[in-house]
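In the two assemblies presented below, chain A is common to both, partnered first by chain B and then by chain C.
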Partner chain A sequence: MDLKEKLLSSFLVFENKVDIDSPIHDVRNEAIKVFEEKGFPSKKEEAWKYTSLNKILKEDYSLFPKQENAIEYKDVKKYFIHDIDSYKIVFIDGKYSSHLSETTHDGIDVCLMSVALSKPKYSLIIKNYFNKAATTDSLPALNTAFAQEGAYIHIPKNKVVDKPIQIINFSTGNEAATMLQPRNLVVAEENSQVQIIERHQSLTENAVLTNSVTEIFADNRAIVDYYKIQNDHNNASLIDNTFIKQKRESIASVHTFSFGGKLTRNNLNYYQNGERIDSILKGVTILGDKQHVDHNTLVHHIEPNCESHQDYKGIFGDSATGVFNGKIIVEKEAQKTNAFQSNNNILISDKAAINTKPQLEIFADDVKCSHGCTIGQLDESAMFYMRSRGIPEKEAKALLMYAFSNNVLNSVKIPEVKQRITKIIANKLGVNIGFDL
Partner chain B sequence: MLKIVDLHAGVEDKAILKGINLEVKPGEVHAIMGPNGSGKSTLSSVIAGKEEYEVTKGSIIFDDEDINELDAEERAHKGVFLSFQYPVEIPGVSVTNFIKTAINETRKAKGLEDMPAKDMLKLIREKSELLEIDRKFLSRSLNEGFSGGEKKRNEIFQMAMLEPKLAILDETDSGLDIDALRIVANGVNKLKSEDNAVIVITHYQRLLDHIVPDFVHVLYNGKIVKSGGKELAHELEEKGYDWIKEEVNA
Partner chain C sequence: MSKYTEDDLREELKTKEYEYGFYTDIESETFPNGLNEDIVRAISKKKEEPQWMTDWRLEAFKVWKDMVEPEWANVRYEKPDFQGISYYSAPNSKPKYDSLDEVDPELLATFEKLGISLDEQKKLTGVAMDVVVDSVSVATTFKKTLAEQGIIFMSISEAIKEHPELVKKYIGTVVPQKDNFYAALNSAVFSDGSFCYIPKGVKCPMELSTYFRINQAGTGQFERTLVIADEGSYVSYLEGCTAPSRDENQLHAAVVELIALEDAEIKYSTVQNWFPGNAEGKGGVYNFVTKRGLCEKNAKISWTQVETGSAVTWKYPSCVLKGDNSVGEFYSIAVTNNYQQADTGTKMIHLGKNTKSTIISKGISAGKSQNSYRGLVQINSRAENARNFSQCDSLLMGNECGAHTFPYIEAKNKSAKIEHEATTSKIGEDQIFYCNQRGIDTEKAIALIVNGFSKEVLNKLPMEFAVEAQKLLEISLEGSVG
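Now for the complex of A and B:
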């Protein structure tokens, strides 16, 4: 039985197990029909031209891990940004881990999707927002069909969340290959502010496939900053589907740091429903081995006087491959749009490859849109300059990579996150520069 | 200290240096002058160990050791310093962090611990005063958006921090106004001692009014065709290089 059939047949069992009277019962049933019809995407589709799921779909994934797996905090502390106070929503093999988490209902809701889906108290928000941003592409639809657990974050009007929220999905791999489908919902009401850090981390070498959906709603003047740290094992694959709907004068930023994993696909979609919105998409990708990352972004400018800023940097070594496909749509009504897109790449090995493709569809006539992509090697004259000052080759390379990623790192608002990212980069390159950049 | 014997070097199949002989002793200042394209910058790059140049013949002896097979960083660790004509911009790495890294990597190579932070700060303060560099400058990204004068001053600041045995100043005077030239030359002169040596590579006489050479060599077509005292530099300033070319070609 292939994975699609397995998913379809287990949906019936799943539906009987969860609440049939659930407000999203119909949504799930619609979604599974969409998935049944479309199936997994193939390379024949333009949006998947450079990323093949074939290999990772061959694993025999366990869809509903049976046993509860406990983890000690000390064993996984390193995967948290642990030097700051934060709210934490932690899952182990898709199940909520109360002892690793720190949730709250004090003025804001930082809790679980399973709770939000089952308690009447949350039904209005669920009705208004759940699956209202996600598209009906096959993978988001598949996630919707099985949506049960994830982070539920609701920030009421004018509330500035006092500390960042960390969402961490651990997989133990205790039941061989595992498939996970976390479902997150973030609703930031008018004039509220929230910062979120998300990480998927496999703790064994067994195969993991995560198909996650995150829906983010930023109401008028809300500020949402989202940081994704992707540094997983070489047997872990992630399909991240993030949908952001913004209203008037809101600012939403997503930073994606991709340093590991077997295959990572980031579908990042922004929809601007209001004027004077700013959408910020930034990424640093540093890959080696046979790792593959595909950044597939969409910014949909629907109304006038909005901005979007995209800046993705990629460094590819060994036989790593990367894809950047950045689509910007500017509707006819969206006059005075400022849309910027830049994708710069460095290939440090002959076998590494990057496919980069800007896609601009502009229907308005008074806009400023720019895009640029570069592919190059490490600057030899800069290398010689540093080495002539006594800095060895490896360290000089690391400094150049920092310098290359600097624009993106500088826009990280949480200093501890920036420090952690630079540390991961240093570890990845096997250097100790001896100072924090 | 430095002994270059019959050095031939080039890029790919193109020969640029065609038999250089040069000896530099501790305490000496040598000037290497010559028309454009004579091989001046190639010579400085080859001494510092730029990989793109291939040495086809001859040797570079530094402190009784042939350094031709050494990497650029290994030469730096032994005390060779090259001040670049076009220093490279490194965004996101401050002047302070860069020089700290350079010093500590050099110490590491010598089996020493990192320099204590307090000593480092003291050294930075001392040397930045010498070059009239203010604190704000030190926290800026290395060479990013620096003026020509700032770049060169920063080069000599790094030289002051690293205290090399042999400093090669490649066209350090280019792009400098008269005040910056004075500051840079003053810095170099203060760092000068009986134990170190300087090679000044320049097209013009004016830097040599400030850093007075013991020897002046004229490089032309990949060879040193004439050597003399500081008066040779004045003669070149007055008469240009054509008479040298005629002498050689005759």
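Now for the complex of A and C:
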């Protein structure tokens, strides 16, 4: 039985198990119909031209973990940004782990989707926001159909969250192959501020497929910072669907750091519903082995006087492949838009490949839009300069690559996250130098 | 002095009718509408073609029958009814003319109106022309001069008869019959076109030029051009066209194949000004063209195009850089106005080592038009040290038009260096103000800015053509260019 059939048949079981009177009962049913009709995307679709899901769909994934698994904090401490105080929402094989988490209802809501879906006090927010940003593409629809658990974050008006929030999804690999579908909702009301760090981590080499959906709503003048750290095992695949709806004068930024995983697909969609909005999309990708990362971004400029800034850097070694597909749409009404997009890549191996497709679709005349895209190598004269001063080749290369991605790192607002990323980069490049230059 | 604003310009652009819209009534020999194997055979027979050519056409027709029209382009139009088109029409098929006097005077008048009087061309410009009116070559000039150098420049139907070995060897090698829907259709029914062969080491002494024109109501033109530059040779080839105003949509599906052998260089320039439809978007030519060139070692192919006409354009002049050190270039200006739609760009396929390509594309959209750049730069794994530079700039006039960019960049070699840059902007008020301040009126200022914007491409056109290109830009953006 292929994965699609399996998912369709287990939907009924799933529906009976969760509360049938749930307010999103109809939404789920609608979504499964969409998925049934569309199925998994194939390479024939323009948006999936360079990424094939065939290989990862072959595994026989178990959809609902059979048993609860506990893990000790000391074993997984390294996956947390542990040197700062933070709220934590931790899931193990899709189930909430209360002893690893630290949630709150004190002024803000940092808790669970399952709670938000079942308790009446959240029903208004769920009604107004749940599935209101996600598209009806097949994979987000599939997630919606099985939406049950994930992080629920609600920041009321004028509230600045005192510490970052970490959302971590562990998979224990107790079963040969697991499919996870976390569903996160972030609602930041007027003038509020929040920082979120998200990570998906498998603890064994067993196959994992995560199809995650995150919906983020930034109301007037809200500031949302979102960091995605992707450094998983070579058998773990991630399809991340993030949808951000912004209102007037809000600032939303998403930093995506992709350093591992078998196949990672980041669908990142921004919709600007108001004036003077700023949208920031940044990413660093450093890949080796046979890893594959596909960044698929959309910035939809709907109203005037908004800005968007995209900056994606990629370094590809071994047989890794990278895809960047960035789309900017500027509607007729969105005059005075400033939209920038840049994608720089370095290929360091003959078997590595990069496919990039920066797209502009512009219907307004008074705009400044540009995109730039380069593919190149490390600067040989810079290498020579360093080597002639006694810096070994490996370290010299690492320094250059670090410098290459520095633009993106510099805009990270949490110092500890930046430190962690630089450590991962050093690790990835196999060098032992502190990058605090 | 009354102020001439962009709105005035837009207004003028909207109401500007196609200047060259006239229709010459020549007794045409036209096939019944529709397409089947018999029609393909009949075309082939009409052209007195050898059996291999007939078979080649039939093969293409077989493939075409099973193909579907491509829909990926960013254009919307009513699909042509392929059974509602006549696939062959020839102006009064007399034997070849010896002098201009024998040519139908009405036809000559057509040329006169278009400003390309043959004898004037002969005397003044030094351009040899192979004039095509509705698919049959009417007059060929300067043939003798060219023949002295061993250059073959004739219609493709003549070439099939006179140089079958060359045609057989090269036709379909760059654009195979089954390449795409329109290429297959063209392969099956092409009526005429140009053939050019430059022998080894010969530098063609003059610019070769062809004018294409659609002239008979309800006929589509299916031109086939084949240019072969043998080792170490050089040729500059010009192609230009304007078509009479017509209500019904006309289909133009041409195929151009360029072959540059070792150390050869081909420069192919196009000025395209088919009827774009009237201000309501009615009528106009569908231009679905497949153009591709193949570069052997050290060879160079350079495409330059000025696209101002057609209701729908679907055109991607491409270079296959097969040989080491080969160079591909693409320079384009695409102007769309009213309801015109253009989806154009290029493909640079890097196969050989040290191959280089440059893409400069300028899009100007006005009225309610849609202008798209779609390009592919592909560096294959064996293409060491490949280099590409692309630049796509769009200029928007008014907020009812659109500019789109769809660049595909695929690199499979670590030594590849690729740069791509795209910008979109409008004519800045400060730029106009600057000019006004210095006594340049707004109309002239816009002309200046548009000219400056497209200069990089206009500069690449051969002298003879640059003038005409400028003229066509003027017609398309009348009121802005002084």
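Throughout what follows, the second predicted complex is superposed on the first by the 434 of 437 C-alpha atoms of A that agree within 3 Å, B and C clash if a C-alpha of one lies under 4 Å from a C-alpha of the other, contacts with A are read in each partner's own complex, and residues count from 1 in each chain.
Following the convention adopted for this analysis, a contact is a pair of C-beta atoms (placed from the backbone, for glycine too) under 8 Å apart; a residue touches a chain by one contact, two chains touch by 3 or more.
Since we're looking at a predicted model, the values are computed, not measured.
By the document's definition of touching, of the two partners only chain C reaches A:Leu360; chain B does not. In the superposition on chain A, A:Asp379 makes contact with chain B only, while chain C stays out of contact range. In the superposed pair of complexes, A:Phe64 makes contact with neither chain B nor chain C.
In the superposed model, A:Phe14 lies in contact with neither chain B nor chain C. Of the two partner chains placed around the shared chain by superposition, chain B is the only one that A:Leu409 touches, whereas chain C remains out of contact. Shared-chain residue A:Tyr79: touches no atom of chain B or chain C.
In the superposed model, A:Asn345 lies in contact with chain C only, and not with chain B.
Contact with chain B, but none with chain C, is seen for A:Glu395 once the two complexes are overlaid on the shared chain. Chain A has no residue lying at the interface with chain B in one structure and with chain C in the other. Within the complex formed with chain C, the residues of chain A that make contact are 46, 332, 335, 345, 347-377. On the chain A side of its complex with chain B, the touching residues are 379-382, 384-393, 395-396, 399-400, 402-403, 405-407, 409-410, 433-435, 437. Within the complex formed with chain A, the residues of chain C that make contact are 72, 379, 381, 394, 396-426. The residues of chain B lying in touch with chain A in their complex are 45, 48-52, 71-73, 75-77, 80-82, 84, 86-88, 90-93, 97-98, 100-106, 109, 114, 141, 158, 162.
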